[in-house]
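Each of the next two complexes has chain A plus one more chain, namely chain B in the first and chain C in the second.
Our next item is the complex of A and B:
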């Protein structure tokens, strides 16, 4: 306490403690793994492999590099185009399902549309139902969302492969479940954090919770939701490509095959195809956002 | 035209925990009359307006709308009643990234089910759009029909808020500091519009205002509030500058007695106070 009665704040505040403990935790993690810079020095074999691989970055293959090409095999560029298309199709199908899941679960997990309701909604049987059922629905949805997104899409893919084998629907679900969970979490948070004045004023003129949610809260959160949705679409295209490693006919399948056959030029062809796909998706999202949300 | 709604408050208290926002407020607001609430920030003007449409229920006391106590209203009835009471807020409270037409149509949400409101907002019929256009014409911004609402100026948005209230086919208009965000010339314009439209439609108008000059010019009856209590309730022509000055004084006229009505206050009317006294005939 200073003499003039003004209390000087403690220099070791909560923030300092948080940051220090974060830094210490990171240092401990590195120590626990026994990481050192010496691990980064590659073996001579590894070095030459990396050299051969990266050397082909500037000369991707234009046609098949396989020594034996069976009759009827389509040209490499056609394979790359087909695989890119499959990657896009799987990504789009999974994203559409994820969006439906995200919007529905996001609505169920959001509290903004019922927690701010007026006093009249607390009365009677209806009020009792509301007070018990809606918080329960909200909590249950949040739990479901956690389960969906805490399992990675590759693990979902393993599970579905084991359960139903290699089919397209399994791939769609493997992507849609974790992506739907993440979208639901972010959507419900965006809506719950959006300014509430417009919702309150619609309530004031007699609008129901459902109406307030869709006509006041969602529109306010929509620009952020659309931006985040597009970002996740980009992510799902990459995930869709990687699912090929399990045998789905997306870019990952061909990347793995070519890599195993040490046809590095082909690997780069497929990697560039993925790059073009992601850049195109990004350009598209930019154009749409500019037009719709400006 | 819908019949105008009258309001009665009998010994209304609104408490937030230990704090009283309104204390023993009794008022009668005749159908079709216009009344202004004045007083310093925190005097309870907003709470009083919110008590009138039931969005802020009285802790004790009775609020009647159209002769019936709000507390007796069922959920549906309350929704129905509210759907015909326009409320224009201090902070606009429109949905900023919807079109003007959609914000106006939202005025009727309380009168529609979910499916109908979805259709009406996304694909409004020609008939509805014509109605919206006519109302926008009335408030002076018909050309903004399909504009995105947040691209409008503060004054224009205030007009959209009025249009939304009018689209409700209201029986009463409640306005909470409707001109706090616009310049003096536009403020006068807006108050002029608000009072003119309510008079033409025969609506009950209750408005809180900081601008005393506007309040006195446009509203025939003024209620002064301070610390949640009614300090005066008179025809505006009968209120002198002294009354306003003590209403807005930073300290209560005498600090030991917090409630001016309990005493023979210069700013309070010398007549006995009661529900009968606050009635204003004509208006």
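Our next item is the complex of A and C:
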């Protein structure tokens, strides 16, 4: 507190500490990785490849560029459309599972609907349940959420591929588990941070914890939950495209195949298909978020 | 509202609840897409539960047991030695690489986004920054600023539309499997995201300080350095740490492409069929993500409290 009564921020501000530690962390990272700027100079092969690849950015392929096209191969644009559709299908199917997981686990991991109850509900069988089972359920769900969301969707995919092999459902589960975990975490945080005044008035009228949760807390958090859900939908489409790199029939599969066959025009066709899908989803979810949060 | 029974008043309240046609249509469309996906997709449940898949699964569950303990009784000491050896041989180094890549990538992304957010903010990249447009400015000047703004915004969208993994796959062919490939791929994607968030932060700046400094003749560069940066820094740092968490996750995974982060050893264990090591490295990935999340939330908490 300065003498003139104007509150000054603490002299060695948090930002200074954070930025300094960031710089130190960068120096340490630089050393740990053994980086040199010379590694940033591409090899001559890499450079010419980059030239050939980026030269096709403005002339994507309209037809297959493969030297040998087997009979019955659909035209390139049809392949691109089908791959985009599969990206959307796997993403949307996974999103529906993730929403179910997120809502169920978000509810189980939240203590808002049972912890604040008055003394009258501490008695009897229900009270015993409340004291023993519900805290256990809550803790177990939180642990489950951490594990679900700490393993990246591509690592879930690697695990599923090793465990069962290539099946489109494996891709759906690989996406749904981490996305479900993130949704559960964010949903329960949003409910915890929702404005409390309606919850307090309902409680004052004698509503139970569960009633307060459903009729006062959830409705207040709902706009943020909808906004976040739409944002994650946009993300899951990107992830679904990338899963193609592991052999699932989404855009990543075709990007990898065409790139490895050095058909760079085709790569750009698929990249633009991905760009259209993602930008459209971005615009849609952005418009929804703007209206919901207004 | 004041007349009528409680039931009638509730009825009125219900009818007056905020409704938005577009949001409702979007919710309906989203639900339809999700239901339709299950019908349109090629989802073979019977294959998942076929004898072959079940045999795969049984083999997997058997292989996950640490290999010194396969076929013998479980022994914690043996499991500990196995884990310690794997960690010392590869795990520790790979974890350091993974963290290092994420730190460098997010720092690079942060610096680039600081620069790119300025020309994409609507109230900054305009003829009269932080002021109402004056009549009589030349059309060419206005067009020029609009062009700068729109092309930066377009570049930011393109940057964040390409998933990190895909960007790294493409850069790999150019730079080879050096850590730079992962750093650049992560930096490009996150600079796109942080740039957009930065532009939004500038557009929503609450104070009148930039307008006042502009009114007394401050240049755009002075506004950026002396008003925008100090005033918006806490907010930008919040976003920075939040994106760093995702960088830690992603840099683990980019190793699958051949860059020596944790993902490299995960892929290595998978191709060799060492399922025990595979699961061990995935677990190390979980540890590193949790550590990153804790550090980031600590930093964000400090920032919130200082604000």
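Just so we're on the same page, the second predicted complex is superposed on the first by the 258 of 294 C-alpha atoms of A that agree within 3 Å, B and C clash if a C-alpha of one lies under 4 Å from a C-alpha of the other, contacts with A are read in each partner's own complex, and residues count from 1 in each chain.
The definition used in the following text is that contacts are C-beta pairs under 8 Å (C-beta built on N, C-alpha and C of every residue); 3 or more make two chains touch, one makes a residue touch a chain.
Fair warning: this is a prediction, and the values are worked out from it, not measured in the lab.
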Answer with clash or fit: chain B and chain C placed together on chain A by superposition. clash
First (chain B), second (chain C), both or neither: which does A:130 touch? neither
Is A:158 touching anything from chain B or chain C once the two structures are fitted on A? First, second, both or neither. second
Of the two partner chains, chain B (first) and chain C (second), which one does A:222 touch, if any: first, second, both, or neither? first
Mind working out whether A:142 is in touch with chain B, chain C, both or neither, as first, second, both or neither? neither
Looking only at contacts as defined up top, I'd like to know whether chain B or chain C touches more of chain A. C
Which of chain B and chain C A:56 touches, first, second, both or neither: neither
Check each of 97-105, 115-123, 187-195 or 259-267 in chain B against chain C and return the one that clashes. 97-105
Quick check on my understanding: which residues of chain A belong to both its chain B contact set and its chain C contact set? none
Which residues of chain C touch chain A in their complex? 20, 22-23, 26-27, 30, 33-38, 40-45, 47-48, 52-53, 56-57, 60-61, 96-97, 99-101, 103-104, 107, 157-158, 161-163, 165-166, 169-170, 173-176, 178-180, 233-234, 237, 249-250, 252-253, 256, 263, 266-267, 270, 275, 278-279, 282, 285-286, 289-290, 293, 299, 302-303, 305-306
Which of the residues in chain B come into contact with chain A in the complex? 50, 53-55, 57, 73, 75, 78-83, 85-87, 89, 91-98, 102, 106-107, 109-111, 114, 117-118, 121, 164-165, 168
Note: in the complex, chain A contacts chain C through residues 9-10, 13-15, 17-19, 22, 25-26, 28-30, 32-33, 35, 39-40, 42-43, 46-47, 49-50, 53, 85-86, 88-93, 95-96, 99, 146-147, 150-152, 154-155, 158-159, 161-165, 167-170, 172, 226, 229-230, 233, 238-239, 241-242, 245, 249, 252, 255-256, 259, 271, 274-275, 278-279, 282, 284, 287-288, 291-292
Of all residues in chain A, those that touch chain B in their complex: 118-121, 123-124, 126, 197-198, 200-208, 210-211, 214-216, 219-220, 222-223, 293
